[in-house]
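In what follows, subunit A forms one complex with subunit B and a second complex with subunit C.
Let's look at the complex of A and B:
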């Protein structure tokens, strides 16, 4: 642990535990008009400047991991995408890769099935990013951009609906391949729509970089320098806006990402504008990839679905994928039956919380909505860790070192964990 | 370079065009759902072999089945529990299930009531006709009782 690290989980009952110098405390959430997601922020102020900000999460633990232990691997294919509302396809993709590796069929997946999976993933990235910068503009008080960007988002939603039968949750993937094919007539119908969307997103980029009213709200606000970013380890677009060129698709290519031309987007400024531009450029990059995939699909043939037996042999595997918000990690343990022994999901928003809190230090309170929005918070899929003593009802939140030390001791000396 | 009123042209254009959501204001039944939309499963009765794969793979346990040892039986669906995922269609070994567009979907969604909760998908052999109707009526009554209990519990 470095010296810069400090616990963000203060208890504030009578103000005695507040950071030195703070004279006001603002509580946001868990239910607040700003936040669509349940999270509790405590912002300590001195005058109009933020001294420090805390976060509490854990208001919406839905128990998806526990529910997965009671269902078969095949049924879980439809439960996993429900972990997140917007990035459903990437959760399903990572889950499917875990099952394929455990069942030992990952070589049998045809190229065509992989291309269709990639189209689903990239289309999801496009609509997630457009949704995000629409809401960011709304939080910055620029509602025209919200309406314009969400109107253009309908283009990609229509394409996804045409290909998969559902707007937000395409659910195209299965262990062994994909459910539906993308026939040639549908691809031909989608191509002009994609080109139209590229033009629209370029127009959005022009608005974000040139229009004074939005640029003044985003430029030099909430700067996360590269050194700070290395300490707080953000992932996904939040890290790429601060000069950490780390993308799961480039670093550890899965599916066919190494066989397609695309560039890694990275900005060094570290402010909210850089994070926004990373996402807009990525949207353009993803749309370009969608066009490439449709071209490649014409010349690729193959079986859509390889046979996977319902019983998965014993073993464990961890798979990772690049969600629109960052790095998504799944870990599954199979015990030889048709149900998982244990399944663990680590959603990307969790990795970005600390970096975002770091961003707030020294900023004006009026910039809080924009900064809080900057990492695309998605808490309902993040809420995973809560240690509760059943006997006393005591809740404990530990850092990683304490947790590991305690777990090792409990294992070695055969002691209870608490 | 910072400018003002970058979106002025767009605003004028949109003002001339009128609202984008104009078509939504019409009647819902005028707009059938798109061709390949995933909806509730429907089974082709001649093809079904009563193997029970769809019941096993259903993630939300909305399909139920009853059959005797002579492969006579029926499969029914608990409508509000179905999440339209299409697993039953994918895993059906004889392609007997299709989940694509139901022309009455938009109408049936908005005229939703307790009586329609259970829907018979397929009945075979001795379960056909009056027997199947009677079984379905039993299920509907049972479901109605449950919903009544819940309503009483809520104080409705």
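Let's look at the complex of A and C:
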């Protein structure tokens, strides 16, 4: 198998391993206007066709796993969502499920707490998917769609902010339950907003399926067949676009996903349009799930927070969750103290890179941005394990205005921040 | 033969030879821990990959114990007709701490390539027959002999090394 496909994480910096037949090499990143994230892509071309594409990662290693071993389980609840900038709730959710299982309190979590967690997760999926297909349209040269979709994304952001106080890191969960309730008046306020967003997303779907200028850029581009997908092991929407019908919420249900009505979205075509439609359909599914959850919240009562002791008994547990980008896996080992012995996180983007680079074989160089965007790159979570750079160790507490003023001064006069 | 092993064999529809398996533990419904030592792990994984047809490797985690290293392969048995997955944590135990060495599973999973290199970076576990065992995630200037996830390196020490290589890089950039 390995002779047929090799993993694409094998590039040497001097270019001595370029494939035979390639006559041009394009280097993208780690700093590049196309990508907000640091990764180094090397595209080997013959004429206008891609022969092979490679990647180098490791520019944004933050050492979260090592940092977690030095903090208590309770402190880590606030560190773990920082593993990813945009899918923070799902990291926190998987983490609290690991802690609850290890502490043996997973039966004590009330239904109401689980429903609030699910609302947070689904709202995150909605805003992450809308953000992604907006950027995809931008990469395909269809900027109007970027503006339309991001305008509509504000609706769900407002709801998340109303419920949690934050826009992208709701941080609602704690081991044992949730921090905040969703009161009835806020839920009533959110319902018409959700219905408006459903209409807007249906319109987005119409644009992606009927508008010729964007459809031509996505249809039959970067096809990943099911057999290739089985070998390169993509997860999440990337896999579901290629006919692998696996969604953690169905295949290994957690929280209350088995008690709610929703459909698994799966397309068999394997091109970029299929992955896009998977995400748009999932957005619609998530929005109707949000509505269902709000309805169920009205009739469900229960304690929001169960007590979890700070010392977690010895043991190990692996939990997974369906992040917007795919399969998020955490593996925790406890040693009986209040700190973890070992904590491993793997975010979905790393598992999707091989499949995405496989898509590029034999495609036109002009389709490159769209294909590279297709797996929703997120390198903070790909290189999540890294070393935090503390300048002096000095600590200053300041409010947002002070911080902004100081930052502007430091920039203008080229002064150090501290 | 334990009940957990029998149940796992029924799900996978294969026989797992008793001399290759150290222990099978059922974590919860449809979720298993399988233990095997570094000598037998390759043979056992071959049965899981080729006879049972497990093709999805989610990730690999390295674990440091008091007197040995463990490497845990998180694989999923996928039943497509039922839209169901059976997660299996395949732990390779008894990897010697002085000369950490274990067989590479790259013959069975393409994705094992970069996950194994990540563990090589962080723990210094050597994967036999891996064709390209080189640095993946650590910075270029990181000293070769420092394996940051090992317990012997504390948080403060890692911070010091980071500061040192950052300073070196800055000075080089000034020149």
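Convention: the second predicted complex is superposed on the first by the 371 of 418 C-alpha atoms of A that agree within 3 Å, B and C clash if a C-alpha of one lies under 4 Å from a C-alpha of the other, contacts with A are read in each partner's own complex, and residues count from 1 in each chain.
The definition used in the following text is that a contact is a pair of C-beta atoms (placed from the backbone, for glycine too) under 8 Å apart; a residue touches a chain by one contact, two chains touch by 3 or more.
From a predicted model like this one, the values you see are computed outputs, not experimental measurements.
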item: Fit or clash - subunit C, subunit B, common subunit A; value: fit
item: First, second, both or neither for A:329, with subunit B first and subunit C second; value: second
item: First, second, both or neither for A:342, with subunit B first and subunit C second; value: second
item: Greater subunit A contact set [subunit C / subunit B]; value: C
item: Which superposed partner A:354 touches (first subunit B, second subunit C, both, neither); value: second
item: Which of subunit B and subunit C A:25 touches, first, second, both or neither; value: neither
item: Least Cα gap, in Å, left between subunit B and subunit C after the two complexes are fitted on chain A; value: 12
item: On subunit A, the residue positions that both subunit B and subunit C contact, one per complex; value: none
item: Touching residues on subunit A, where the partner in the complex is subunit C; value: 1-2, 5-7, 9-10, 57-58, 61, 63, 65-67, 69-70, 230-233, 235, 244-248, 250-252, 264, 316-318, 320, 327, 329, 331, 333, 342, 344, 346, 350-351, 354, 383, 385, 387-390
item: Touching residues (chain side subunit B, partner subunit A) in the complex; value: 1-4, 6-7, 10-11, 20, 34-38, 56-60, 83-87, 90-91, 99-100
item: Of all residues in subunit A, those that touch subunit B in their complex; value: 71-72, 74-79, 144-145, 148, 151, 161-162, 164-166, 171, 174, 179-180, 203, 206-207, 210-213, 215-216, 305
item: Residue numbers on subunit C that touch subunit A, as the complex places them; value: 27, 30-31, 33, 55-59, 61, 63-64, 72, 74, 78, 80, 83-85, 87, 89, 106-111, 113-114, 117, 122, 131-132, 135-139, 148-149, 155, 158-159, 161-163, 166
